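The chains carry the letters A, B, C and D, assigned in the order they are written, with residues numbered from 1 in each.
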Amino acid sequence: MTSRKKLQGLVAATITPMTPDGQINLPVIRQYVDYLVNEQTVKNVFVNGTTGEGLSLSIQERKQLAEEWVCQGKDKLDHVIIHVGALSLPESQELARHAAAIGAGGIAVIAPFFFKPTNKVRVEELLEGIKERIPTFQGVKFSDTDLLDLAQCIHKNEAQQLEFLYGVDEQLLGALAVGANGAVGSTYNYLGRQTNLMLEAFAKPDLVLARKYQFLTGEFLNFVIKLGFGVAQTKAVMTFVSGIPMGPPRLPLLGASEEFIAKAKAKLDSIVWPDGN
Amino acid sequence: MTSRKKLQGLVAATITPMTPDGQINLPVIRQYVDYLVNEQTVKNVFVNGTTGEGLSLSIQERKQLAEEWVCQGKDKLDHVIIHVGALSLPESQELARHAAAIGAGGIAVIAPFFFKPTNKVRVEELLEGIKERIPTFQGVKFSDTDLLDLAQCIHKNEAQQLEFLYGVDEQLLGALAVGANGAVGSTYNYLGRQTNLMLEAFAKPDLVLARKYQFLTGEFLNFVIKLGFGVAQTKAVMTFVSGIPMGPPRLPLLGASEEFIAKAKAKLDSIVWPDGN
Amino acid sequence: MTSRKKLQGLVAATITPMTPDGQINLPVIRQYVDYLVNEQTVKNVFVNGTTGEGLSLSIQERKQLAEEWVCQGKDKLDHVIIHVGALSLPESQELARHAAAIGAGGIAVIAPFFFKPTNKVRVEELLEGIKERIPTFQGVKFSDTDLLDLAQCIHKNEAQQLEFLYGVDEQLLGALAVGANGAVGSTYNYLGRQTNLMLEAFAKPDLVLARKYQFLTGEFLNFVIKLGFGVAQTKAVMTFVSGIPMGPPRLPLLGASEEFIAKAKAKLDSIVWPDGN
Amino acid sequence: MTSRKKLQGLVAATITPMTPDGQINLPVIRQYVDYLVNEQTVKNVFVNGTTGEGLSLSIQERKQLAEEWVCQGKDKLDHVIIHVGALSLPESQELARHAAAIGAGGIAVIAPFFFKPTNKVRVEELLEGIKERIPTFQGVKFSDTDLLDLAQCIHKNEAQQLEFLYGVDEQLLGALAVGANGAVGSTYNYLGRQTNLMLEAFAKPDLVLARKYQFLTGEFLNFVIKLGFGVAQTKAVMTFVSGIPMGPPRLPLLGASEEFIAKAKAKLDSIVWPDGN
């Protein structure tokens, strides 16, 4: 994991394609990589996370998926980050060793969520001296709407060169304003191109244009959130946008309804983006 | 309330000064107005809100305060907005009529919080057709960290020319990024000058400078929030920053501790603002 | 308030009758008192509480209601308790003095709910040494499902002879099991007779019969809770059960729908109580 | 799993003994079984649940533990129930098949807690027609303080002969009052004998005595809950009460402090139970 490119910009939280009978559909990954790079201009992926139903998969399945993404992403993707979080620490360690062995670009772990801290802890406090405790620590996927905490994290960790990728897709612009380096999210699977245009506008800075993009992605997300929007629905949206069959989710998730799909598609089709697409 | 100036920029959520024995301290308001205008460059106030312990006051006290602010603010302040929300609708109506009678610049009401809606409603939905139902409706003090909702509100109500003032002081920059017109908050009593400099930087746009100001106000707020920060503490901070005696809070609030005051003062004094002050 | 009867058994949290145009309907109180005593076998009332929309009324209205209940309850009711809680402490004190002046049997106050404690406090801790701080303190309306806290309260305050009246009507039997003295609730307006039969069965003890009553009141409450059950719906139920016109609720509450009323009535009529009624 | 005894009374949610270096300590299980039966009069166990850190173990470890409990419990315990819940459905199914193969008395599964239902569902609704969908379904570990839901579950499922074991140890008496058949909990590892005396008192019924036992267990639990009480602390308490070394918890849990242990032990020693022990 040496001489790495800096991790910034958009990272797609990848979906795990499944066959109609609920098995992971590895052969589709190759097409998925090409689609992200060529159609969505997204060159970083986050594999086996929440969007990828990582915790609903067996350890063996997670390894297979990690291998396929690393293999297919070679020379095409900039960073393949494998989420290795698990409720069982030995299993998480096993996944981390595996990620290193197959040459993944990095690993990520979710915070404990079954046995969890009883007091609310700010991320900013967690990061104090983190590099001394975890020398390979690179950054945080920050997925809270508390931008005070995010701003403090960024400010206090400039010297440590940590990267802060924002995880609440629908309000990324607010996070960019306080200094986020990029974003990890499921939206970037199918709205990556438009979001990259927002990042460009913001970098100029052309805030009026950036705001326009954020409004329009918000318009779509706001609409589907009201209908009930989760991983199952994201799989359905990605299927109709990309044409790649993402398949059904695994239980306990239930597939998106036909009604949801029809409405979501109509909504997305109705949006006119500033670049005319 | 005709030919009014547009309400934008900073609005100080005013503190209600009290005497040591817990009565409202009207004679101090004059000095308070001058301090906001001259030292904090803030020309709008929001009276009898949460920061002003409005709901802890009797109806009579609320009227007296409203009158004093309108009277002292004449020719000095741009907008004096009176919060008239009360749990009892007849009392709220009485306060609204009184505000109109004394020539207040506008009124505001808190949403029901005792008997409250059982389902979470987005502000954006509440505003659909609002001008038809309430022709004098002017805008919203938006005090949630959900910037998706805020962005949709702003976008969908451009034609109605509603104003959106953000109420989470510690992440105002994020709200500006998605299009907020200004802000209502307790912070602007004592950090109004610096926040106005942030607004100026943002307007240029000089995001690096704006971020610097937001980081520094965040540095202070983050510090005091960890110590326990509420209306009582705000009264204490305003007292040591402005020199105007704000007095103790009214029960059920308890006054800030000497320890809090010492620490908060030391923290604020330690901050070096970009303009050298 | 001397030589008082011990407060135990059922206390009806009274509804505030209103006219169709939203004014309080004082002349109905007399009939209401007789109904509670004669039809529901309930001889204690809690006036101006949540069920009575006390916080939606003006101070003047609260005083008028308190007077009417004390006056009409004379020689008929055992205890008339006036809720005097208000967000404004001066107003709460005014109501308390008024309750004393008119000869109410006692007062009650809600805990602060706008500015509120930031840490969760157990009732048991609040009661430590309460008699020394408030010599006239008599007891607690305990409205949480945490029966550990309730049991500790009862156990530790036996010497102080405090009374613990339970406020979660749908699980009163559980509270009786750990030692509650009685109950305050809106249900006892229209299911007081049946609940008194449950108390009798529990006192024998005939737990099988007590459980039967609790199941049946639960059957009704469970049904209406699913439909959406609050103060407005309680007013409607009381109207059709007692025949006394309770009128509409005051804003921000909206009246119960005709559909709700029809369903709730059909459900209640379908229940066969163990005593054959 | 045929000709089974009815599952009722107390079920100990077993702790997973670990060696100082964090490996599962299988050889201790035999002693643990004898202790539960002989000292605590508890003859049912729930293995690999939350108290047993089941979700922190690898699949292999969970199988080993299940085997050891079934093996050691033979002819000594009435029921050995294996918790087979996992975030990954294939893994959960694998554990269920394994439990059947080794002759466990039953299995249990936790409800989905990572991807979870977006609306609150009452248990009573979940059980409608459950026997048709899952013919081997036997009952519910009900771990909520909502006794209305519990009472409705019990009442409506009498015909199906489902068993309802209560899981909030500190308010078991309330659940017994509304009809629970027994209880599953961590407390019964070390206070099983006293709780069985409470069940006996309740069955007579001698409510005054039952209440006394509930007060005293509550006295202990209330005390330790204030200190911070979770699985790690339960391991420590069980170690000093039983003399069996339960070892440290596995990360993310941290071991109980020496201070906690000293205080908890002193508290427990100070309690005088009605039977003189």
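Rule of thumb we're sticking to: a contact is a pair of C-beta atoms (placed from the backbone, for glycine too) under 8 Å apart; a residue touches a chain by one contact, two chains touch by 3 or more.
Computed from a predicted model, the values in this text were never measured in an experiment.
Student: Based on the averaged CA atom positions, which chain is farthest from subunit C?
Tutor: Most remote chain from subunit C, centroid-wise, comes out as A.
Student: Suppose you list every residue number at the subunit A-subunit B interface; are over half of them used by both chains (same) or under half (different)?
Tutor: Same; most numbers are used by both subunit A and subunit B.
Student: Please compute the C-alpha centroid of subunit B, do the same for subunit C, then give the distance between them in whole Å.
Tutor: 38
Student: Determine the centre-to-centre distance between subunit B and subunit D, using the mean Cα coordinates as centres, and give it in whole Å.
Tutor: So the centre of subunit B lies 51 Å away from the centre of subunit D.
Student: Averaged over CA atoms, how far is the centre of subunit A from the centre of subunit B? Could you give it in whole Å?
Tutor: 37
Student: Which subunit D residues sit where two or more other chains touch them?
Tutor: Residues: none.
Student: For this structure, enumerate the chain pairs that meet the touch criterion.
Tutor: Chain-chain contacts present: A-B, A-D, B-C, C-D.
Student: If we count contacts the way the header does, which residues on subunit C are in touch with subunit D in the complex?
Tutor: 122, 124, 145-149, 151-152, 155, 170-171, 173-179, 205, 207, 210-211, 214-215, 218-219, 221-222
Student: Under the stated contact criterion, what part of subunit D meets subunit A in this complex?
Tutor: Of all residues in subunit D, those touching subunit A are 53, 55-58, 61, 87-91, 112-116, 118, 228, 230-231, 250-253.
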